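What follows is chain A paired twice: with chain B in the first complex and chain C in the second.
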Partner chain A sequence: MTVSSLTASAPAAKKVKSSGFLPYLGGKLVAAAVSFFVTLVIGFAIFTLMPSDPVRTLTRGRPTSEAQLAQLRIQLGLDDPLWERFLTFVGNTFKGELGYSWQFQQSVSSLVADRLGPTLLLMGTAAALSIAIGLWLGIRSGWRHGSLFDKIASSTSLTLWSVPTFWLGMILLVVFSVGVGPIPSLFPAGGMSEPSLPQEGWTHVVDVARHLVLPCLTMVLVVFAQYVTVMRASIIDEMGSPYLLTARAKGLTDDAVRRRHAVPNALLPSVTMIFMHLGILVSGAITVEAVYSWPGLGYLTYEALKIPDLPLLQGTFIVFSASVIIMNLLADVVYRFLDPRVRAQ
Partner chain B sequence: MRTGNSRRRLALAACALSGTLLAGATAFAAAPAASATPAPQESTLRVKMSGAGIDTLNPFLAFFNGALDTFGLIYPTLNSLDENGKPGPYLAESWTPSEDKLTWTFKLRDGLKWSDGKPITAEDAAWTFNLIMTDAVAGTANGSLVSNFESVTAPDPTTLVIKTKAPQANVIYVSIPISGIPIVPKHIWEPQAKNLKDVKNDTYPIVGYGPWTLTEYKAEQYAKFDANKDFVLGKPGFDHMVQQSFKSTDAAVAALRSGQIDYINGVNPTQFKALQADKSLLTAQEVGNGWTGIEVNYNARTRTGKKIGTAHPALGDPVLRRAIHLATDKKTLVAKVLDGMGVVGAGYLPPAWPQWTWAPAAGQETPFDLAQANKILDEAGYTKGADGVRVDPKSGKPLNLRLGIHADDTADAGISTYLKGWLETIGIKLKIQTLSMSALNSDLAKGDWDILMDGWTTGPDPTYLLGLQTCAVLPKDDGTGGNTDSFFCDKAYDELFKKQLTTFDQDERAKVVADMQDILYKADVNQMHFYANTLDVARTDTVSGLITGKPDAQGMYPAQTAFWSYLKAAPAAAKQAAAGSEQGGGGLLWAGAGVLAVAVIGGVLVMRRRSSAGDRE
Partner chain C sequence: MSATTLAPAALEVPRHHAVSRFCRAYAKRPAGLVGLGLLVAFGVLALAAPLFIGDDQLNVIKVDGPQLSPPIDGYPLGTDQAGRSVLLMVIWGARESLSIGIIATVLTVILGSTVGLLAGHYQGWVGKVLMHVTDWFIALPSLPLAISLSAVLGQGAASITIAIAVTSWTATARLVRAQTIAVEARPFIERAKVLGAGNTQIMIRHVLPNVMPLILVSSTLTVASAILSEATLTFLGLGDPTSVTWGSMLQAAFGGGAVTAGAWWYLMPPGIAILIIVLGFTLVGRAVEHVLNPRMVN
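And then the complex of A and B:
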């Protein structure tokens, strides 16, 4: 969905010749709307055409008669013609209704809403930390590339980047939740809160924070490397630039040259990456959610896929696509303010 | 100016961060241990929620194990099940079928009350059954259990009369905990009956009756229960129970080892072996309630006999199917795939329900014998081609067969690798196709497969599972209406299926069921590889009595049910429990100290950075 939305919006960007903000925004909005509609079609097509027998999978393990199965097929609308199902799907989406989940027997929007908070808490915290740590390390490493600090930071982050997330999650779980050798059990093994504690107030906040530590740490360790590498590369690119020489010639300290001149120019690729990252925040992280039993949207999508629970699958797909498209749109707008070259187009 | 601002912001952010960390550290240190209980004198049983969790708390709509387990704990049923899986009294004290076998009269206990104090009467049961019988939505999950019911009436508060259309031997299995129909309070559900599809049933505590009352449920997180100390079949040993949802068993095992939970029903053999070494844990194997094996597509067709699907024509030959059976070393599969924690398969019904189990008589079993398999194929004219693959003499097609396996099942992957090797030695080439369960089900119904890995678990009444092998569940000509598992269809089998349904003497019925399994075994269409043991682990320092029944000579316990296990579980000696929670407290102190150290170091770095930046400029 990232690819489709990016490619869909790219030609639109070229068409905008005016330097006014509103026409520029208008063009981007139209492109976003087109992208969204295309994702709707793709979403419907791939999930509906996927070979599956949801009714049998849904009722597997329960004594269900042939009449019951037929009734369920009618109830779920599986016997309706494809075009009718597509029109209903598109119509409902524009009305803001995401349908009714087959397996959870409740509205998709309520299922998504229930899991949105936990997803954003985990993914948002992890993203903020990864961005902060990644950019900081990237700037430092790039500025002094080849130094011991650079070597340690780059190699550590790349090693962690290549580690499978679920594996790292399991290792952290065993070490810090069960305890190994002299390390005692420090954090809970799963879930978002301890059921025996009150589910509100300060105690609850602290309890959720304790449950958040390991999943968040896993996400951060795996993700921050991309910011390190991009930021490091951009800083190195900028280092030979004449304007830095000028800044130095003015007598600015090394620190000031880096902060005031090099970093703002080198930030642009990272901004793109941050917005792309923000776009996929809402889709959660299936592996981390599965390892730490975090009640997030990623795992919900996986559960939907197993049946497949088409309304739920399509619903989450719409939410994820919309989130990516909105973030891309925001990135385009922010870029206009950050980069004078975009304004000059 | 810009630099100054941004630096100030940085310093503020750093202060805020260290402030949060410090506050967090203090709070972490002060946070109660994970094993805290609501009050010192009250006890809480903490277990892993079973299976895929709860899909919905509406008992008319739910399919998932977690939901069924929960209903078994919070709603009553007519009958209970004893430890051998035989029906016993619950709401009903006694029951008698009429002479013509069409009317069952249940005598219900007097004086039982729903959790809101209203009396439980036969009218509640009659209303529940009638709703399922007459309303399509109410019949979503349990409609088939009452499809043979003519009428259900309550002539007085303690008498329930069930009339069936045809004699039905398993009426006493229709309303049993977990796998049967839960009876709901009419006064709560009647006003909602018209809108049943939208009823979430999430007003806590949920009005019901059972060993437990559900007091709180958070989707995909946990369910909390209070014990019903007046429960008619015994008083629960704990005051409260928490079922926590874990998406991976590894995480649940970690939680068990660190004392966060007390019991897991169903770990895998690797986890089980690793936990056996831990002295603070009780590891128990219970006999399996399901089989794993293969289905052979020997003759996919519709009810009228129209051939469908793309199966290899040679699979219709009993000799080839027998050769495949002979070439399957089930003992090795149990040893390698299950780490020895299972029983070699033969009969169609699993050993969890001993009244129905069947095994071939001595000398009748199909042994593992590759030479014999090769011999019978040679004799039947399956000659080997240049590539070592035999050719079907009738169709001229080489024996290249597809084996569909479940993508999310590690046992399937293990079995298929062995099977591929064994079959290759007898001149059959297997192409393994890894598919999602949904895609497998879709292919199955269309007959587009040769061999499929399959598995079924069953409740204590075998009717439904046995019914999957009858001609009546073959698809119609238009492809709809099928519920078959292997397109098996055999007249003698169908006759016996009807007979077992009308044999009211359960011992006699078991003999009929045994004959049915004999037919299935000899047909080699459903080849049972093994029955995996269910592997349970409980903490011995916090809970006792949770595993019910006595182990057999091989050390295997009878099948456990959530109903009895949680009812009979009681807190272990208080002294040991206290020791466990102390350990957790120590862990928290460590956590607090760690976070504090990070905060201090972070603070120092920020201060250092501020001063040096200022100095340099």
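And then the complex of A and C:
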């Protein structure tokens, strides 16, 4: 979406007449709402038009009579017409009710609410670190592309990109938590805190931080590579621009040309990528949280998968999709503030 | 993007010339050759595996090796919890991982190209609707979608393959649509129309051959991500529990306490195999892209 609006802005740039922010925001909000509605349709379709019978899955391994099965079908609303079930589903979602987990015997919304904090903590830390490292490396290697630094940075990112996240997590777990050879056990193997320690105050903060190190490191190692690639490409794109020649002709140092002229422009395409990736990052959390039993949304999904607890899976699917839609919306809004060419449409 | 430079050449030069020129240009890219070498090596191993690996060595009940043993004589990469040779399992796993990756890619490419071709050719409401559908699918997070799909379809290779195809066709669709529009703007399409070619004939006989090279490049990269997705979904427990794949090895290692036992010999090989094969496909894809589109080389 953003890319097309960007290219469309090029011819309009001559006539700088700023259209209002509110109509722009309104348009994007409508698009996001439509997107969310489609997500609901897809989520409903996947979990409703499936070949397996939820009642059988639910009662698997337990002796149940036909009458009990029929009772359960009525209770779950499985005999209602499809459109009625869809309307109930949409209505409930907007009321914040995402269904009832079979496995936890608890409402999905309350489970999601409990697990949101840990996921945001892990994602936030990992995102901040990988954006900082990725952009820095990308700028450096793009500015001197072809240099030894660039070759090392680019090939490291390419290799890390090819690594399965969960495998990297397990390796780090073996090396730094179990300990291999001379390396002692440095970090806890999983969870978010030690149950034996007090759950508040400074000790708790240090404890959580110690638990955070390995999952966060795993995510950063896998994710930062994408930022390196994007930032490097957009720096190289800007390198040929005449305004850099002007800046050099003014007698600015190479450093100043890079920092004050090339980087701000090259950052623009990267910002979109960063927000798009934040949404992806949330789902990347599934495998990392599974490996480290980090009590977040990803681990919740993993627990739901084992049963499989379909209402819980449906709920997490909707939450993940909504977070991606929100991130994309944020990307569009932030972009407008950063790039005057988009405002001039 | 790449085919705009490629397409005229492909038309003017007889095809075998174009192929040999492509091969010569490709041979000048060392990274591409390394990638191709890796893929050929794995492909040969995967194809030849049934010649030297029998059911006896992979069947949990029939094997008699030591359990979860580090590398020893006769078991160069150690053994798993059941006493199977990790080396043989990794080689056997290449078959399953490669075939799921390739089948999923074929499905992805067919789905994506069809949507892209139709959206590019019928630019009226059909094209608009198709592009909206594509955009919606792009906005969906792929891993949760794939997880939901394969959880609902049930454990197994087939449902994983479908889940991968459903979550990854969008990139191909967008590429093919853009290229279809570019090709259809060229005079020979107009000539075909004047001579009375119908919609189907234009799409299949005239546009598709010109879009094909681009599809092949993007499919190389699709295989890489499909293999990664397969491993991830299998690791999360969505694969067939009885088959030996890289993902299922890692799942068994994780679930069976190989991590707490510090059994690095069991964890390293499948992961490195995935890394090598994904890297191989990525390197080949990039090299082909560079050869077809020289403008990308700064």
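Operating definition for what follows: the second predicted complex is superposed on the first by the 286 of 345 C-alpha atoms of A that agree within 3 Å, B and C clash if a C-alpha of one lies under 4 Å from a C-alpha of the other, contacts with A are read in each partner's own complex, and residues count from 1 in each chain.
Keep in mind that, in the parts below, a residue touches a chain if its C-beta (ideal position, glycine included) is under 8 Å from a C-beta of that chain, and two chains touch if they have at least 3 such contacts.
Given the structure is predicted, the values throughout are model-derived calculations rather than measurements.
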item	value
Chain B versus chain C as contact partner of A:Gly179, first or second or both or neither	both
First, second, both or neither for A:Gly284, with chain B first and chain C second	second
Touched partner set for A:Ser293, first chain B, second chain C, both or neither	first
Chain B versus chain C as contact partner of A:Pro264, first or second or both or neither	neither
Partner chain in contact with A:Val38 - chain B first, chain C second, else both or neither	second
Contacts of A:Gln106 with chain B and chain C, given as first, second, both or neither	first
First (chain B), second (chain C), both or neither touched by A:Gly117	neither
First, second, both or neither for A:Ala189, with chain B first and chain C second	both
If touched residues of chain A are counted for chain B and for chain C, the larger one	B
Contacts of A:Lys306 with chain B and chain C, given as first, second, both or neither	both
Footprint overlap on chain A, comparing chain B with chain C	50-52, 170, 173-174, 178-179, 189, 290-291, 305-306, 308
Residue numbers on chain A that touch chain C, as the complex places them	1, 35, 38-39, 42-43, 46-47, 50-52, 145-146, 158-159, 161-168, 170-171, 173-174, 178-180, 189, 236, 279-280, 282-284, 286-287, 290-291, 301-302, 305-306, 308, 310, 313-314, 316-317, 320-321, 323-325, 328
Touching residues on chain C, where the partner in the complex is chain A	135-136, 139-145, 147-149, 151-154, 224, 228, 231-232, 235-238, 250, 253-254, 259-264, 267-268, 270-271, 274-275, 278-279, 282, 298
Chain B-touching residues of chain A, taken from the complex the two chains share	50-54, 56-72, 75, 103-106, 114-115, 170, 173-174, 177-179, 183-197, 199, 202-203, 206-207, 209-210, 253, 255-256, 259-260, 289-293, 295, 299, 303, 305-308
Chain A-facing residues of chain B, complex	2-3, 6, 24, 27-28, 30-32, 34, 36-38, 44, 46, 52, 55-56, 58, 61-65, 136-137, 139-145, 147, 197, 200, 216, 218-222, 224, 242, 244-248, 250-252, 254-255, 257-260, 408, 436-439, 441-445, 456-457, 463-464, 473, 480-483, 583-584, 586-588, 590-591, 594, 613, 616-617
